[in-house]
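Input: a single structure, listed below in structure tokens.
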Amino acid sequence: MILRIGVIGTGAIGQDHIRRITHSLQGAEIVAVTDVNAELANKVVKEEKLNAEIYGNGHEVIEADNVDAIIVTSWGPTHEEFVFASISAGKYVFCEKPLATTAKGCKRIVEAEEAHGKPLTQVGFMRRFDRSYRQLKKIVDSGKIGEALMVHSAHRAPEAPGFSGDMALTDSLVHEMDVLRWLLDDDYVSAQVLLPKRTRFAAEGLQDPHILLLETKKGIRISVESFVNCQYGYDIQCQVVGEMGTANLPEPASVAIRSEANLSNEILVDWKDRFIDSYDVELQEWIYSTIKGEVSGPTAWDGFVVAVTADASVEAKKSQKIEPISIPERPDFYSKSHVLHY
Amino acid sequence: MILRIGVIGTGAIGQDHIRRITHSLQGAEIVAVTDVNAELANKVVKEEKLNAEIYGNGHEVIEADNVDAIIVTSWGPTHEEFVFASISAGKYVFCEKPLATTAKGCKRIVEAEEAHGKPLTQVGFMRRFDRSYRQLKKIVDSGKIGEALMVHSAHRAPEAPGFSGDMALTDSLVHEMDVLRWLLDDDYVSAQVLLPKRTRFAAEGLQDPHILLLETKKGIRISVESFVNCQYGYDIQCQVVGEMGTANLPEPASVAIRSEANLSNEILVDWKDRFIDSYDVELQEWIYSTIKGEVSGPTAWDGFVVAVTADASVEAKKSQKIEPISIPERPDFYSKSHVLHY
Amino acid sequence: MILRIGVIGTGAIGQDHIRRITHSLQGAEIVAVTDVNAELANKVVKEEKLNAEIYGNGHEVIEADNVDAIIVTSWGPTHEEFVFASISAGKYVFCEKPLATTAKGCKRIVEAEEAHGKPLTQVGFMRRFDRSYRQLKKIVDSGKIGEALMVHSAHRAPEAPGFSGDMALTDSLVHEMDVLRWLLDDDYVSAQVLLPKRTRFAAEGLQDPHILLLETKKGIRISVESFVNCQYGYDIQCQVVGEMGTANLPEPASVAIRSEANLSNEILVDWKDRFIDSYDVELQEWIYSTIKGEVSGPTAWDGFVVAVTADASVEAKKSQKIEPISIPERPDFYSKSHVLHY
Amino acid sequence: MILRIGVIGTGAIGQDHIRRITHSLQGAEIVAVTDVNAELANKVVKEEKLNAEIYGNGHEVIEADNVDAIIVTSWGPTHEEFVFASISAGKYVFCEKPLATTAKGCKRIVEAEEAHGKPLTQVGFMRRFDRSYRQLKKIVDSGKIGEALMVHSAHRAPEAPGFSGDMALTDSLVHEMDVLRWLLDDDYVSAQVLLPKRTRFAAEGLQDPHILLLETKKGIRISVESFVNCQYGYDIQCQVVGEMGTANLPEPASVAIRSEANLSNEILVDWKDRFIDSYDVELQEWIYSTIKGEVSGPTAWDGFVVAVTADASVEAKKSQKIEPISIPERPDFYSKSHVLHY
């Protein structure tokens, strides 16, 4: 079976997904696209030589008879609406983050799925599909370092041109919020945000770096440094400290060079280079799972939990206090689908 | 266009290629197979649910009208015959090493291609498609370490169950012989083989390790340690020493673990894990090049050069002298097709 | 000039200092010793073949005419008394930590020095003399990574046999409290203590690990993990994150071994091996400074600041709140003597 | 007992030794000096405030009644004469390399010691005293990597201003010739020298780099790259490949810096920084051994063996053939004194 996909939103990330499905992955084809900018949708179909219908809006794509599954890569504030419509239509949907712009919106989607009777939505948190995170999880799960007690992690980017307000928390750290609870098989109970000395490279009026402190149900203490103007590179660090040892997220393989009185390894500067393979794995696994009628990646529930965590983090930044994170028990409904493939 | 492929030989490596073409890669399908063991061919077609005809022998596969290109993964001594027949039929052919069991056989294939008027053959040296070797070549080509002067490399495997005679040179080091001349854009002029103290883990009567010393036209000195019973892992090392610095082949990314008084990173033990991605890239690039009517990987010429080099190495091992390697000038014919994609 | 030293307390650390002064360092000799256990003092003098008088108590040592300087390595609660007496006698004194068991006691010593008119006391914080910390400070001071914004550090020991109560903070983390303000040339303004999930290897009733969060006057945010039952080794980590880069404390040099499918480097298990060279440098610099009439290492003021910081940390652990750290301005009196030698 | 030392030759290295004995080490004092440049000897005595007699020549130093032991740091061609005289006087002597300018000269010294009845001479090969080489030897001796089969090593310096002729072999690689036979507890049976492509940074008429291939009695194969204009740093590499694993010489500890898209560790550029600690250990151990009446470092025999090896290497470079190295059996006389302290 070839999965017939409709894409809502043909901006940068939409085009990327179209290209990988068309040229790199197996088991799917793009049969429908739409974009608020009709011309852009047209151009993409032509350039990629897609055999795809161009629709006037997302709802038409969702309703199209020959569309088996939806990819939502439109403007963030429209995600909730299209995911909701996909569920109503009983179609599987892959939605780039955010699932919805509010926790409430995410909750509504969760409830819609529960009403529908099975999960249909996968949220675009790609780190779970990253080979290095999977290597790390394998070690953590193996018991080799004992029970996890602490996590020290960092999310650094050379600069953050479009960042404003709390985007460091809501746009960038959401990836850590998702991947760390997956890594630890745990949930958060509180958040605190430290505001270190501000770098002179931050845009006017913006705080950078932040340190997000999370506590989990199991009592694990997590610190996540977010430093989006760190200048030197795009660098994702994660160390799990267990009762008997520590394990570090592998760094990307690179050539060790000895020159000019230095032994050096290149550090990536573009986040796309860091996670490009993960996107391939993410979409390929989504295609195969969808064909099987399962959601094996991050579910709407996971999207909801991250939204609640992000809200608490923003509040904690404002209040400068430890803020509780109240997450209801995960419905059994979501347990089965929460499967790790590696 | 979907490239329709006929596979001659459905043993382990043949099955691997069938699986990757069917489940991972794009642009091709298996339409014909054969094996000396007809039952095995049958079984593979069933298990992989191939829509492929089973033929009585390789020549029938090559001649089948709906077969665009051939993959030769049969027993080594039959390679020459099937590559030859593919060229006669004017069909592109991917042949696992060896291209032929003798340098003379390789030469005949080169001459057949010259007679045919364009290259059709790609030899299965997969290291050129390995990401880490490409990273290394990029640094070497960049001039960052100056002109290359020396290469120190090692090819180590935990054990070598089926090895006999000079297989360490003819079966294992041929990969270095191919990849190093590609890496340096150079050719060999002499070979010498040192016989270090024999490990007690070598099979009776077999020498292990070897050190192969190669000199190139540019005067670069290469040493390749071959140690196929090294016990500790499958480990490929390569350091290029240039006029202003050195560059090392990246090691596979792995989790750094601190436990039991050690900071450790896992070393692979199975060569398949080390080069599994390279096979995917190799075949995918071959499919796309073949569709375009080009040979972009190692050509019959490259297979010939490696065969000459391997012969000289075996002679050098026997004579314990420095043996000349005489390689004719590369025909212009092969220059264009020798393109690096990365 | 040979500095004639009197040692008060000939337990383990006292003997170590006696040995290094006698057999490894230059410029000093032990001329007087005492211990509450007179027999032990006797034994040490004999075994080390010291040409030293054995006195009945510390005060007699301090008052001995031929004693130029004092080393206090007696039981912690007696330190304040002997340092005080040394200052009264106008003699230079090297005091192992703690300078006094309370911040008040430290303050009294600071006041005694101010009354005396010049600093005489050096506190035994040896990390400032460690080669790796000095390498790190050199980089931080060079501006290469820009202004420091954050520090992530860890103090791990395999087990903590005699630990009770808050000793992880008051006995072990005091070293970080001292060395980090030296490293950053800064002072603390608040402390918070996180209590991660308790390791099953901690002694009954004891918390382990802790995370100490410190904020500095400059706004730098420091986290110090204290994990004294980490099982795997004695491991001191420190990463300074600056505006343009990061710098890590060097790890002890060790042999990289490839064996049994691992690339591994040994981690130390005994803290003495980690800092043994630092003690030599510490004492040697103390001898030479004392001969010159200076205090170049951590002063009584530094001891006082650490005591205040430790008190706030203990309070923060209890209150689970962010506790302010109020340190008066450093008297000019101490600025000059605060000299770094490297 | 304080060892009273006479120094013959107060040039750079002589002054270094005088300073370390006077200011850093224990158990010895300089009581006599001489130099062909009397003024220089004078200046050194004054500047270092030595309580030392200045003599007109080396023989007067050797004969001085109050001189217990000799350090020969004069011009290379005079070494043999002064070592010979020291042995005649029955005094212990530490001689910087070369022991003599010819293998024959070294042999004469060996014979003089045999006639005298016990070893008196230590040769200044300081690598045996280097902490990193001792760490490596400990691993090799432990059996952890099995029997040694091969050694891959490199001796690189950024530039070689004064080098001429075969100095890369006779002045620089002699350190590897000494330390590798100590490391492996073995002797050489043949040498071969490869001449790689010449770096454009080599002085006119000089070959650089070289690769020296040594075979040992046990059959171990050693390659030593000598690259004295490598530009990038002073870099000593050594990997021992054993039957079950490999072990690498530790690199000097350094700060890992992340900046400007690179993770980098500084490489030393000055050989003095690399081995400065080794000189301290070397001289301190020599002082203590001499006081005990032993030679625990490299003996005259070791100096002789290195001279024979260097001669064979020079010949092998010229002949471009494998040259035999004939070393007589080590006299029992030297076995006892060949003790490793670590």
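Letters A, B, C and D mark the chains as written, and numbering starts fresh at 1 in each.
Following the convention adopted for this analysis, a contact is a pair of C-beta atoms (placed from the backbone, for glycine too) under 8 Å apart; a residue touches a chain by one contact, two chains touch by 3 or more.
Just so you know, these numbers come straight off a predicted model, no measurement behind them.
Of all chains, the one whose Cα centroid sits at the greatest distance from that of chain C is B.
C-beta contact counts were set side by side for B-D and A-B; B-D has more. We define each chain's centre as the mean of its Cα atoms; on that basis chain B and chain D are separated by 45 Å. We define each chain's centre as the mean of its Cα atoms; on that basis chain A and chain B are separated by 38 Å. Taken residue by residue, chain C touches two or more other chains at 231-232, 244-246, 251, 258-260, whereas all remaining positions touch fewer.
Interface of chain B with chain D (complex): residues 146-150, 152, 154, 194-201, 209, 211, 213, 215, 218-221, 223, 225, 227, 230-232, 241, 243-246. The touching residues of chain C, when paired with chain D in their complex, are 23-26, 131-132, 135-136, 138-139, 144-145, 244-260.
The touching residues of chain D, when paired with chain A in their complex, are 231-233, 235, 251, 258-269.
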